[in-house]
Amino acid sequence: MSATTWGWLVILLPLLGSITIGLGFRALPERAAGLIGVGAVGLAFACSVAMLISLLGDPAESRHHASSLWDYANAGGLDIQLGIYVDPLSVFMALVVSGVSALIHIYSYSYMQSDRGYRRFFSFLNFFVFSMLLLVLAGNFVLLIVGWAFVGFTSYALISFWYRRETATKAGMKAFVINVVGDIGLVLAAFLIFRELGVFNYEEVFAAAPHHFTTNDGTIVAICCLLLIGAFAKSAQIPFHTWLPDAMEGPTPVSALIHAATMVTAGVYLIARAHPLFELAPTAADISAVVGAVTLIIAGTIAIVVTDLKRIIAYSTLSQVGYMIMGVSIGAYSAGMFHLMTHAFFKSLLFMAAGSIIAAMANEQNIDKISGFRRAMPFTGACLVIGSLALSGFPSTSGFFSKDEILSFATARGGWYTAFGVAGYVGALLTGIYSFRLVFRVLGGEPNDEAKELMDTGHVVHGEPRNPATGQAEDTEVGYPGAEHHIAEQAPGMKIAMGALAVLALFGGIVQIPGLDDLVTKFLEPTFADSVIVPADTTGHEWFGLAIGGVVAFAGIGIAYFLYIARPGTAPALEKRFQGIHDFLFHKWYFDEAIDFLIYRPTIAIGSFANRVFERIVVDGVVNGATDVVRSAGGVVKAAQSGFVRAYALLLFAGFAGLALYFLIVSS
Amino acid sequence: MTFDPPHIDYAGISPIIALTAGLCVVLMTAVFNPLKRTAPFLTLLTLGVTGGLGIWQWGEPKDLIANALRIDDLALAILFICLLTAAATVLLSFREPAVENAGSGEYHALLLGSVLGMALLVQASNLISFFVGLETLSIPLYILCATNLRQERSLESGLKYLIVGSLGSATLLYGLAFVYGSTGSTDFGEIARGVASDGVLGDPLLLIGIAMTGVGLAFKTSVAPFHQWTPDVYEGAPTPITSFMAVATKAAAFCVFIRFFDYALGAESGDWNVALAVLAAISIVAGNVGALGQDSLKRMLGYSGVAQAGYMLGGLVVASESGVNALVFYLAIYLFMNLAAFAVIVARERQSAYGDDIRSVEGLGAEQPHLAWPLTIAMLGLAGLPLTAGFIGKLYLIEALVAGDFTWLAVFIAVGSMISLAYYLRVVAAMWMRSAPQAEAKAKAKATKASNMPAIAGASPEADPIDPRAGSRIYLAGPAALAAAATVFFGIIPQPLVEFSEHAGRAIFSLVG
Amino acid sequence: MLSWLIWAPLAVGVIGMALPKRLAGLWAIAGTAFVLGMAISLVTGFDTAGGMQQTTDVTWIKGLGVDYSLGVDGLSVFLILLTALIWLPATAYAAFQGQDRPQLFFGMMLLSETATLGAFCAQDLLLFVLFFDLMLIPFYFLFGVWGKDIPGGVTARAATLKMLIYTLVGSLLMLVGAIATAILSAHGGDITFSMRELAAHPLGSGSQYWIFWFFAAAFLVKMPAFMLHGWMPDAYRIAPLPALAVFSAVLSKVGAYGFLRVVLPIFPDATVHFQEIVLVIALAGVLYGSIMAFTQTNLRLIAGYSSVAQLGFITLGILALRPDGANGALLQIGNHGLVVAPLILIIAVVAARTGTDDLREMGGLATRAPILAAVFLIVILANLAMPGSANFIGEFYILNGVFQAKIVYAIVASLGIALAAFYSLRMYQKVMHDRGPEGESRSREISYRESLAVVPLVLCIVGLALYPQLVLKKTDNSASSAVAATCLRGANGEISVANGYGCPGGLPTFGTAPPANPGLELPSAGLEPVK
Amino acid sequence: MVEVAFFAGAIGALGGAIAVVGLRNPFYSVLALIIHLTALAGLFLLLYAQFVTAAQVVIYAGGVMVLYVFVAAYVGGVEEPAWEPIPGQRILAPLLAGALFIEISIAVLGSSLSGLGSEGPELPLGFGTPADIGQILLERFLIVFEAASILLLLAAVGAVVLAGRKPGDGETTGAVSAAGVMGFTPDRGETAPAESGEAG
Amino acid sequence: MAVEWYLVLSALLFAVGAGGVLVRRSLLVILLCLEIMLNAGNLALVAFSRMHGNADGQIFAIVVMVVAACEVVVGLGLIVAIFRRKLPLNVDDLRGLKG
């Protein structure tokens, strides 16, 4: 079978899984639904591997295949095919997506068991995998947009999975609307591409673009900026990032899968995919890199003060995606993709561990209330530590290699690109601090009640769950973890998934160690062969960079240790000392408020103005005015109809006189 | 001095002879008591015979009796409309209190007299027969309007009609005198030649004559601002007579309007068409806005008649064959639409306590759909909605107007129709979208009271007796249903009626040449 | 064939009037199902390459030049199918719901189907006007008699009258305009209202300019377009929902169809001349409708204002005067019909459960009614033109057309997409998610009968999402030629009015560069990486 | 001579007319109208319309006016109130009448028709005599003649219907039409001379 | 005397009659005024008849007299009927129909 056939199978399997679970939601036993879900994604992963093998069988220069099922929409001069494009980049993404998804499915199989919405969950989750695979395998911009929107929708559906929580539904809405804004950016970019080139297919677009555009042509910059809107919205880059922290309202596996490992990296994929365009528009690429850098630092600063367990990880995701965006924007494509992969491993691991803890805490996520879990949940604790190490780029972990490859590429490229490297190291320091702040606060300290109970009895029993944000009682009937909670310590599925990811997070970096091997770069080589950005030899820079990275990571972890373990009183003291800065950071730089003030409120104001004033005065006013004129004319006619026959005679003669006058005038 | 008797074509004047003879026979029944009940049937017979003779003469245009009359397809077409209306009026007049008051024989004789006037008018081919025909039409109507002698309103309407009508006649007469004076002849053909001759065309004497003639005819056709008698008289007159006036008078007057203006004064059309167009526009506006919010259905139809007269005048304004076709077509369908409406109004008048007030038809859709449907169709037709003949009629008129470069008047028609929806649909809404338990209850209560205490009912002069079964009387429901059916039929298959009216148009324009 | 299709509903309706009450509904369902069958066979027999098909041409009113002329082409074929497709479930729903005076209700429903099918099939301008006006009569009754008065607000009668007068303002002027067109283009010769003839001999641009507005007014009111939508809120508030479903799904589209069928081919110069004005109106409709939709709390009004916005999109597509825009508009006409009908039926289902139309009094319905929620969700996603739905393809085509023609309008209009996402999801969330003000004990799952009416439509949405080409391939020829009329002008074939795209052979070319090489080459082929 | 006769007749006709309008008592108005009609008859004579003159005197001054006098006497002379209930009528009515007069006069005087300024052509012998009129009436206006007689019949019937006593009036229960004929003779009496007058 | 004189006189009579209808309220007098207007028409007809040397105008005038007589008969009949019903003979009081 050819690579594209495998590709179609990869897409189709999760879709079938989703439909089967969805249609059979009454008939299927819960366990079967879970198995179907896991199986579908597992098979998809297997097919991805098969696709990889099939692709590797081709000579390097012909490792790209397009395939179309049918004319999707072909009329009026537009030709949109239902087609996929298989090349090393898409295969790489498909592997990462289906692989991580498979593990997270396994995790969810256990984690979600106490949830009434189990089948719905798996149906959506499978649908998400389908959408994400569609996104990465799409063969043209329109189908890319379709996949793009599908993941956005599934993201919405899963964020507001517990739809009886108002916070969850609001967060879902926010995510969806911001994502739609991104979609519009893509759509407009597609229009512009079509206007210039008349096609939507990747191959044709990328082949024609260099002939059509000159470097930094205004149009190509516009196209790339529009693509960037899409990428930023999906990858939660500033200023479109506000939805991601709120998205943590969803179940934890969702956060792991969608909001860490796969969907939020779609922007990175997009830039890498469209790199022939971005290289024609260096201005746009630079904008993108700057945004990435800014995001990684701002997100890092916020992560330091946030107290919500999952939100800390979410901000760290923002920050890490910032690295990737920065990387692919400055031309470090394979480094960016490499970081994407390792990030998928350690970030999902982190979320899984967090999920385990949250389950034990009955959905309490405030780290002020969590402490001392190191002995109550040793396996989870270990995973959390491994994840954090990889995240902060502790030497020899996967994150260490991937992050530093990006930064060294930046410094190697020289010029002002060095600034990106510096920003990256600053970010890395912040990463070390906040990730170990989390580790130390959660694992360290005195065991709290839940931890104690767990240690004493081996299980936790909670009362009626309540939403900490609103105080509302959760509606467990429609799907919210009930009294029975699943933690990694006791659920084999969770343990397997986390164990596998821990291994990958620790050792995933070995596929690409500077000077030793470069599997990822080599594999992706055919895709990026046309790249014009090839800096001079980077090995030296890389080793130097690795050294700095290691130091920075140590420093970060050290600071965290100092603040939270060695001198526990320092952090609150600093908070007091720098109250203003703390508040500023704690309110997430007031982005939400700004968006609310600048966009949401004006729209509502216009709407209510339209409702109260415009509709009544202008729209109805025109009609009422016309009606009034007619009615008052009727009044005049009726007043003339006074009943006095002599008045009628008068009018008759008046009409006569008028008519006669007219005729006299005509005759003269 | 030799006496040169005119040639009399008895075939040609046979409709008039039949009507005259019928009139005399019907009048006899008033004298001979045992025959009293036969008057309506004799009237119907007369109308039927006249109609038959008319059909016999269809398609054979000829001048009669020294050019005093001309029988042609235009005359016959309008005569048929008048005859049909009159026949329907006879049916609607069964058990009408006005008939009891006036005496059946006299009532029907007067009706026939008016029809005779119409027969003369539509055929009139010189000024004198024009005037006599018009008066023969009008004078019986003045009386008929007042025949419901017990009702003050009936008397008032008769008197108002008489006074204003006589004013109109006097003005018309004066105008005719001036037309005669400027052309030197009373014969339409001679006038046409005279008008076209040098020195007369555009002369103020002629034009003032035209103005006054126009006023007189506009008055008869209820064109604003000479319309003010219409709502009052329509409301006050006995309803069958109102229906007769609404259609037949208008039709006959429009016929002579066509014959006189398009034929005799055809050469002057460049001067009078703008003036008439303005009158038409005023009528459309005044009629439509006046009808808004009228509670009396007859009054509403009176105003609506003013507006419709404005539409129809459009057919005259363009002075073209297609204009006349359109006008005749519109008159024909106007007959059906009005008839359906008035038949229902008569039925409800006798059945409910509200007379012709709009409340009398509330809830009719649920209670008596066989009455509600005709009235609904009539209202939709008058409003000019599709699948009724009213739509085709407006289409015809607008087409003639646009072709005659009077598009602005066509726009007036469109805007007027729009306004008219408000009052036509008010009736429809009353029938289908309201329920009327109270009205029915009151009516029933009143009916029982009336049957129990005839003496009191007789003593109360304003109250007409209630006939609870009026809604299902065949002589009321039948015409209503037939007219409604015709309205729909000609809305879907208008071709027969189109050809009918084309005959009429050709008749007049073959004279013009 | 077409005559059968048009008049069958009326015949069924008339017979139904004589049936006993309990049979009326079933009889009407059978009738609409039969019509649907005919429509499907019409579509399957449709020849994609051919122009006007299934033509009937009989002189109707000889003296007036009016013909009973019917035909189907790419513009109308799917609209006919849509009509038949929407009427069946709406009728079925109404029958399941149970109606007061059912014979009359279904008679009116079927009469309206006849009128709508007639408008889509008419190839004679006057016949079109006639059917266009006729559509109003049954809806006057449907809304007026079976509408519900709003306590303390508008009555059904008043709202219906307002709607009727509003829409007739346009239609009556359109009648004048149609007649003027025929007469002016006859130049004193025989008058004909045949659309083909009229398009072949366009009027001078001076006449076109004013007649254009007579037609545009009629169509824009019907849609309704921004500023002309004053009748809509009241009418939507009071209307009986099954009737509203067909009204919103099909009747509002007749206006858009009219632009394609009548205005573009017959008044090409005026269309080009006034393009921007209509675009502005449409754009205002998109934005205004969307903003209003998300500030409303009444479900019916959300659907209503969302229709205003959607019709704005459709108008934009048509007035882009490009084949892609026109194709998109046609596709979107179908899509929106398919979406809004189930949407309104779902509103009916929801209203039957909660006893209210107001969002503020709803919430959490999904707990007891997951199937209803799923069906609703699909409809909502299609409504917000989720990529992957046919609605997306429709809007994509439309906006692409506008983008290539007038770039600014497309960019502003794309705001409408974001707003659509907002108001559609908001509606879904407030009904299905979150919590109602006081428990949701009354909520129950969609019943078997209700789903019989709703689910097939949803399946159609899904099917079309998978294969929108089904529609596009049949509309392409006709839509392109309708648009091409605006650039092919002049008696000798010279282009006297350019719509801005060159139009060689009637079709615009794309881009300023030659199209890309269709061969499948490596993106990097021929390019040496810069070392 | 002719001028004197004309002005005498004109003053009589006009004065009579103004008196009809001006006199408060309807009875006096009726009498004034008789003067008006008689003066007009004189003018007709000046215009060589002998038969019209005769008819004017016989029908109008003789017949119709008698009817008026009867009715005026029957209903009694009711004085009109001086108060004018219709706003503007008192000002507009004379203005309008004046305007009509001026407009018609302009039309007459402004006309370029040649005959207006002359006394008219030489007339054939017997113009306007009863014989002449009778011949024209029967040769050319036969139908008008017949129609006029029917019209009179109808008017008579109408008068019976309107003024006749009805059973409901409670006076007699006999045949309606018979009662009408009996109860209202004057108009019956009037129609006969009118018909016979024309026949002659 | 030139025909113009007669015509101007007739116009004057017409105007007086019209004015009378407008200002008088007695039914009887209104009928009289209508007579004056008809007579004005007659005068014009007869004058034109003289001008053209054509007797049609005179025939017309005779017909008008008949018509006038008929109107008078009907009008007086109505007056009697109204008087019998004890209704006012002032036209201004007859305004049950209006609006």
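Structure notes:
Here the chain labels run A, B, C, D and E in written order, and each chain numbers its own residues starting at 1.
Following the convention adopted for this analysis, contacts are C-beta pairs under 8 Å (C-beta built on N, C-alpha and C of every residue); 3 or more make two chains touch, one makes a residue touch a chain.
Everything quoted here is computed from the prediction, not taken from an experiment.
Common neighbours of chain A and chain D, listed by label, are B, E.
Contact tally for A-C versus A-B: the pair with more C-beta pairs in contact is A-C.
Summarising the inter-chain layout, the chain whose CA centre lies farthest from the centre of chain D is A. Compare each chain's C-alpha centroid with the centroid of every protein C-alpha atom shown, and the nearest one belongs to C.
Centroid analysis (C-alpha atoms only) places A farthest from chain B.
Here the CA centre of chain A is 78 Å from the CA centre of chain B. Centroids built from CA atoms put chain D at 29 Å from chain B. With centres taken as mean Cα positions, chain E sits 96 Å from chain A. Put simply, the C-alpha centre of chain D and that of chain E have 7 angstrom between them. Contact with two or more other chains is made by residues 85-86, 89, 92-93, 96-97, 100, 103-104, 106-108, 110, 116, 140-141, 144, 148, 151, 154-155, 158, 160-162 of chain D. Residue positions 7, 14, 17-18, 21-23, 25, 47, 51-52, 56, 59, 63, 67, 70-71, 74, 77-78, 81, 91-92, 94-99 of chain E each touch two or more of the other chains. Across the assembly, chain C contributes no residue in contact with two or more other chains. Listed by chain label, the pairs that touch are A-B, A-C, A-D, A-E, B-C, B-D, B-E, D-E. Across the complex, chain A is touched by residues 18, 21-23, 25, 91-92, 94-99 of chain E. The residues of chain E lying in touch with chain D in their complex are 1-9, 11-20, 22-26, 28-29, 31-33, 35-36, 39, 42-43, 46-47, 49-53, 55-56, 58-59, 61-63, 65-74, 76-81, 83-84, 89-90, 92. Residues of chain A touching chain D in their complex: 642, 644, 646-647, 650, 653-654, 656-657, 660-661, 664, 667-668.
Against chain B, in their complex, chain D makes its touches with residues 103-104, 106-108, 110-114, 116, 126, 131, 135, 138-144, 146-148, 150-151, 153-155, 157-158, 160-162, 166, 168, 175-178, 180.
Those residues of chain A that touch chain B in the complex are listed here as 630-631, 633-634, 636-638, 640-641, 643, 645, 647-649, 651-652, 654-656, 659-660, 662-664, 666-668.
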